[in-house]
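Each of the next two complexes has subunit A plus one other chain: subunit B in the first, subunit C in the second.
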Partner chain A sequence: MGASRGPRLSGLQKQVLSLYRGFLRAARCKSAADRRQIESIVSAEFRRNSNQVDRKNFLYIEYLLRRGKKQLEQLQSPNTESLSQTKQS
Partner chain B sequence: MLRSSFLRRGYNKVAGIFGRAEAKKQDFPVLEGHPAAQESAEVALESRVTVQDNVKKVMKEFRIYRWNPDRPDSKPFLQSYHVDLSECGPMVLDALQKIKAENDSSLSYRRSCREGICGSCAMNIGGTNTVACLKPIDGDTSKPTIIIPLPHMFVIKDLVVDLTNFYQQYKSIEPWLKTNMVPKDGREYRQSPADRKKLDGLYECILCACCTTSCPSYWWNPEEYLGPAALLHAYRWICDSRDELTEERLQALTEDERKLYRCRAIKNCTATCPKGLDPADAIHKMKTKHMLSQPMEMVEIM
Partner chain C sequence: DPIISVIKNFQNVDPFKVTTNGHFQIDLGLDNLDFVEIVMALKEEFGFEIPDNEADIINTINMAVNFTASHCQGN
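Showing the complex of A and B:
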């Protein structure tokens, strides 16, 4: 999906990109160390999904978008400091 | 199971030859010295064994909607489960619990009170939206019962749907008492019994979302139209005698034509409400109130 960044982006691609931008903007409001942490997690997740998820799988992409929007709302609240990740063994 | 009862009967018969009292004490050592209790315990044991032998299995098929977000390439499908109704509680929620406990623990659904007051287990059972804890299982074993999540809602997993839009619409009608005056003795806002009776049939709403997700008007415009549940609650605050900002509430609802007037009196909401409430009636009353509060010339044109 990253390779298709040509002149025309589909509506779904635009939504994904705007969600990514939203995360980066939210990260700017946190402290420097937290900002790096958030940016690394978010960019890794988006990159992983862009490689693994089939671009025609609208059901799953829309599910990820909805989940991402909720997580973004949580992150934007001033009470949240940072993101962290645990690995599933 | 049959063998143990056979052995027990054989043992009892043999023990009976050597004296009934010893046989009883063998069974229930904790009841020694209480012959009446021993006798009744013996009878209870016998009857349980008899019932277990006589009860037959009644197998019912359930076809339940499954979708797992952790398997992104899978499409949603209906999975079949067979449940023995003779060992299961009467309601659909009991069947779901049994399936999750014994068959497939990955089945996901919301549930809480199991008595129809929390509204968590709302789902579409056999074509109708109800709460699973109040819907008895249809005893007809020749047809499967189909259980799917609430229609036209985004699915998070299996039968769990995303209700955040629904809750935000409820929040947007400001469901709290709004007054300007302080009560006379400074303690409570009083209300006559007649005024309290007006709230019957409105306050019992459990916010299960069954009515809202059964409304075709809500299916086509979920962001704009508030839906029967939110409107029922809006009417509950409008007709509360203690609430003083009735005009403002009505005005907030009717300033654009999409929040209230998208209702087309389809009445699916009243038909499907698991608590037997009447949202269509409340919406109609609100429309009437709004029409009558407008100047007469405008009403005549309409």
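Showing the complex of A and C:
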């Protein structure tokens, strides 16, 4: 269950959603199986972060956004077929 | 209504809870990530483009239907 948000999104929330959209778009260019895998990994990761990360923890959120953007760029490269997850302790 | 049925078929949605005046979050328990997915599914199904800042404010079924209908006249 994601954090509840009012009708107006903060700038940071918009960036998160925009990144999520980017992943969904990139996933649509892959095969159906890859797409499902990407969607499930990305959606689980974003939701886990939205539950575990304090919304006021801007530094960490911005770090996650930067990391996510790099992963998206890698995904969009024609050499990449799918995402793999790294475990974080 | 084809737009409502796309929403009903959406993976996280309970089709019995979908009403024309429903709120994605309040009635269907969806979060912002789901809204993004729904808008993308509607875009794919009905073939329109929506700028991110407009997509981010769609949080009721009514808004989604109105937006889709107004952007695909003739579909």
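Note that the second predicted complex is superposed on the first by the 81 of 89 C-alpha atoms of A that agree within 3 Å, B and C clash if a C-alpha of one lies under 4 Å from a C-alpha of the other, contacts with A are read in each partner's own complex, and residues count from 1 in each chain.
Just so we're on the same page, contacts are C-beta pairs under 8 Å (C-beta built on N, C-alpha and C of every residue); 3 or more make two chains touch, one makes a residue touch a chain.
As the structure is a computational prediction, the values presented were derived from the model and not from experiment.
Q: Identify which of subunit B and subunit C touches the larger number of residues of subunit A.
A: Looking at subunit A, the partner in contact with more of its residues is C.
Q: Is A:21 contacted by the first partner subunit B, the second partner subunit C, both or neither?
A: second
Q: Is A:55 in contact with subunit B, with subunit C, with both, or with neither (first, second, both, neither)?
A: It touches nothing on subunit B or subunit C.
Q: A:36 in the overlay: touching subunit B, subunit C, both, or neither? Say first, second, both or neither.
A: In the superposed model, A:36 contacts neither subunit B nor subunit C.
Q: If you stack the two complexes on chain A, which partner ends up touching A:13: first (subunit B), second (subunit C), both, or neither?
A: second
Q: Which residues of subunit B touch subunit A once you look at their complex with the stated criterion?
A: Listed in rising order, the residues of subunit B that touch subunit A are 69, 72-73, 75, 154, 156, 162, 164.
Q: Mind pulling up the subunit A residues that touch subunit B in the complex?
A: 52-54, 57, 59-60, 62-63, 66, 70
Q: Please output the residues of subunit C touching subunit A within their complex, sorted ascending.
A: It is residues 25, 29, 31-37, 40, 44, 52-53, 55-57, 59 of subunit C that touch subunit A.
Q: Residues of subunit A touching subunit C in their complex?
A: 1-5, 7, 9, 13-14, 17-18, 20-21, 24-25, 28, 43, 46-47, 50
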